[in-house]
Amino acid sequence: MLTWNRYGKSRVRLVKVNRSKPQHELIDLTIDVKLEGAFEKVYTDGDNAPCLPTDTMKNTVYALARQMPIDHVEQFALRLAEYFSKKPGVSKVTVTASEQPWARLAPHAFAQAGAEQWTCVATRAGGATDLVCGVANLVLLKTTDSAFAGFPRDEYTTLPETRDRILATAMTASWKYRPQTTDFAVRSRIRSALVDTFAAHQSESVQHTLNAMGEAAIAAAADITEITLTLPNRHHLLVDLKPFGLDNPNEVFVATDQPFGLIEATLRRSPR
Amino acid sequence: MLTWNRYGKSRVRLVKVNRSKPQHELIDLTIDVKLEGAFEKVYTDGDNAPCLPTDTMKNTVYALARQMPIDHVEQFALRLAEYFSKKPGVSKVTVTASEQPWARLAPHAFAQAGAEQWTCVATRAGGATDLVCGVANLVLLKTTDSAFAGFPRDEYTTLPETRDRILATAMTASWKYRPQTTDFAVRSRIRSALVDTFAAHQSESVQHTLNAMGEAAIAAAADITEITLTLPNRHHLLVDLKPFGLDNPNEVFVATDQPFGLIEATLRRSPR
Amino acid sequence: MLTWNRYGKSRVRLVKVNRSKPQHELIDLTIDVKLEGAFEKVYTDGDNAPCLPTDTMKNTVYALARQMPIDHVEQFALRLAEYFSKKPGVSKVTVTASEQPWARLAPHAFAQAGAEQWTCVATRAGGATDLVCGVANLVLLKTTDSAFAGFPRDEYTTLPETRDRILATAMTASWKYRPQTTDFAVRSRIRSALVDTFAAHQSESVQHTLNAMGEAAIAAAADITEITLTLPNRHHLLVDLKPFGLDNPNEVFVATDQPFGLIEATLRRSPR
Amino acid sequence: MLTWNRYGKSRVRLVKVNRSKPQHELIDLTIDVKLEGAFEKVYTDGDNAPCLPTDTMKNTVYALARQMPIDHVEQFALRLAEYFSKKPGVSKVTVTASEQPWARLAPHAFAQAGAEQWTCVATRAGGATDLVCGVANLVLLKTTDSAFAGFPRDEYTTLPETRDRILATAMTASWKYRPQTTDFAVRSRIRSALVDTFAAHQSESVQHTLNAMGEAAIAAAADITEITLTLPNRHHLLVDLKPFGLDNPNEVFVATDQPFGLIEATLRRSPR
């Protein structure tokens, strides 16, 4: 005897950019929708007539996000709850939304300092010591000044070219200190050079921005001889809203975690 | 001065089903592709002419998976390494593949017992004790006998109907014991009833299968009075290979982890 | 034929408090030590004569941390590498240290805003909507003004009383809004009240501080009717350095993640 | 106004070995204890007189585990609930226990196949391909035939010698195939050689067992030229029950996850 049931969609990832002012606004939400109501025969008879697909719930989140401003997560959760409460058979809606806060770096760039770690590897062998230090997992995002075009196309290429996309990464940098370095406060100067360059760069690719960041780091600190940067490309995909009669002028994105691009390189200080 | 660089795509999730024999075969891979070569000007000049997109690498994984049998992960890793080594500018390819093993339950059903936990909540208040026990995170997958059709369509519905899809879940079940129950070895009988029903059921939806599993569990153990099942729907999406001139007869899938459907219900033993 | 070997201790968790100035300084490190050298017969003959135990490496980290100031993670990594390089048989030492940065809240209190999420649950049923919002996973730590004494002792109690300990938690708060609330910017005022109270409170227990935090939140925002706080007690254990002839005046701690205390309560606004 | 409160200890890790029969039995539990009752003044007045420490709850779990047989997690959860319900002020106890199942390998050895992955790295450069494959995260545990003694002691050594301890690890192995290898089904033979050797070896150290495992793998498969093994030492610490007037004859352990020892080595096939 079925005594209670609930169903819905979980972890719908939504990133919305408000580009209406010189300073872009960013809201980053993860949303769960759950419905209760007259759905018993879906369970007992395999009759899907009352069963709004959870895929439709996901689509609805993106379509409604396009159609209303979202200043606070609360407004959007209330709107979704109201919307789904009017669907046939629904007696109770639970919308759970969590917002990932981002700190502003620049008018079009943001950081999540949360998982950031400062790293250090000291290796001692044969009387000599190598010291390689860095910053790991500093999450950065820019809402414009990032392109990817002019790439070669083969039989398996479907990616459209773009002159304006979101660029997001979780930066890991590690640099090698000259022997006898003692001024380790330089870490914060290197970190600033990396972050500021990410924010300001006119990016043709992750590779292009990586190179600029590495050059800036080497210029910022005479004590480092080389730097390795590892930049995953945390893809933010523009949601196709045309099936719903809506445009999407670079506003509504789905943040994905896999697969991801991974770009790595080492830059060394040039001998004079 | 750029001294080393590498780029590629990470965590391409591939599930391939071989339906050519009465017993389906399943291979579940996570693949990283990394290229080294003559890519410096991508970094230094923002010139993407040599830069095969990582999105194309992902597409290639799925297209090649369609075109060759994969009996062992090693064969496929070798094939990918050979394929990418012929791309312009490439001097070194590294393909890292990891295979998730699945244990066979039935000709078309599989389990990953890995993260399975056996759970128990004993609550004592006012001299009485409630005992709710269960199984958590038992991962199950069936390659056929699962449909989802006949559902309502609204303005935001794009999901096609299907009579044959992969159904995968990480089952959590918890059941309530009658007071004074002492035979806890019944857990394995309940677990078998749940798993066998999952494997054998002609599923019209996750809800439909959940109900059948719950009924089987209650029938299997007189000591339990109710059971709650929580079944996330771990979507396996059929890859669209038409852009590459290939069909995809329910063989090549991308396994996704978010968003996911979430189906929950409680069944109680009917009074006689 | 053994061609390479390395061994060591990983994830040694060290928190050191410098109490020498009115503003306490905090350094939070996770350290791995790895040794290479003349250890073959440990592997091939089961002869442990050359094998400095990894448990000793862990002890050494804490003992050296007591004996030197640590202003930068780099200094300590270099010191450890030098120390272990002098042990018999060692030809190469690799010390990997990562520092978790903390932001200062007050002279003796710190925060990790990293994993912080802003949460919201909107529930709609019978034409009415409930709105419960909050902050999750805000990590807070204070280096003083926290006691735990005067508790009952039974046959299984071994915990010593303390008037001065580290108090650390990952706060989750959720509060209920009055119907028709529209000013959701109040979230930041509630958050500040919670954080400031944590920092300033003379704590007799996690429970005691939780209650003060809840009262402050309710006082800060007329629109909230109740608040639930969940405070795990992330134990920081004072390391016993007496076996090494060293005292430990509340300076060197091991941060643990399990088991942990878990303190929860709900406070409701009193009717006038 | 405080309207609800609850407190307790979470994630108490308990491993108990029953050595009374030729086949050892192993039970691996993670336990949360939560109490509700007359604890208001702990919150409101900072008065800890009614507040049984959560540290005592943890001690109680280990002490009771020593004093009763645990055949099923349910029995132990019920016993804990009953025990804590008699403590002063308690009106409700919630004990949540989850059991990690282990599969038997041998009379004194067990495996968790759960997180196991099969790995493969194909690297192609200069027309040649390297193929390095393996098994990752295969969790193994043996309840006897493991010693660690005869090691050097320095000023920071406190570890006692032992001739009988639990040895647990999450094995990662990767082996290199000869060029032109095509029989990849050999993986299962290598895996068996590794696992069987772990189970049967009279271990003087993790290093000693690692070497035996590597030798067995190389002997099992002519197509592999070298193997690298990485064995974290997942320490299981014997709980000191003397403060409670109890002995602990290698029966009750706390499973820890950090810090951990890490032992790595490469073995190469000897030229004939």
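As written, the chain order gives the labels A, B, C and D, with residue 1 at the start of each chain.
The rule we apply is simple: a contact is a pair of C-beta atoms (placed from the backbone, for glycine too) under 8 Å apart; a residue touches a chain by one contact, two chains touch by 3 or more.
Just so you know, these numbers come straight off a predicted model, no measurement behind them.
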| query | From the C-alpha centre of chain A to that of chain C, how far is it in Å? | reply | 27
| query | Just curious, how far off is chain D from chain A if you go by their C-alpha centres, in Å? | reply | 36
| note | chain A and chain B have mean C-alpha positions lying a whole-number Å distance apart equal to 24
| Residues within chain C bordering two or more other chains | none
| request: Name the graph shape formed by the protein chains and their touching pairs; answer line, ring, star, complete or other. | output: ring
| query | Each pair of chains that touch: what are they? | reply | A-B, A-C, B-D, C-D
| remark: Seen from chain B, its contact residues with chain A in the complex are 1-13, 32, 34, 39, 42-56, 58-60, 63, 87-88, 148-159, 203-208, 210-211, 214, 226, 228, 232-233, 243-244, 257-270
| task | Can you check the complex and tell me which residues of chain B touch chain D? | result | 36, 72-75, 77-78, 80-82, 84-85, 91-101, 112-126, 129, 131, 133, 136, 177, 184-185, 187
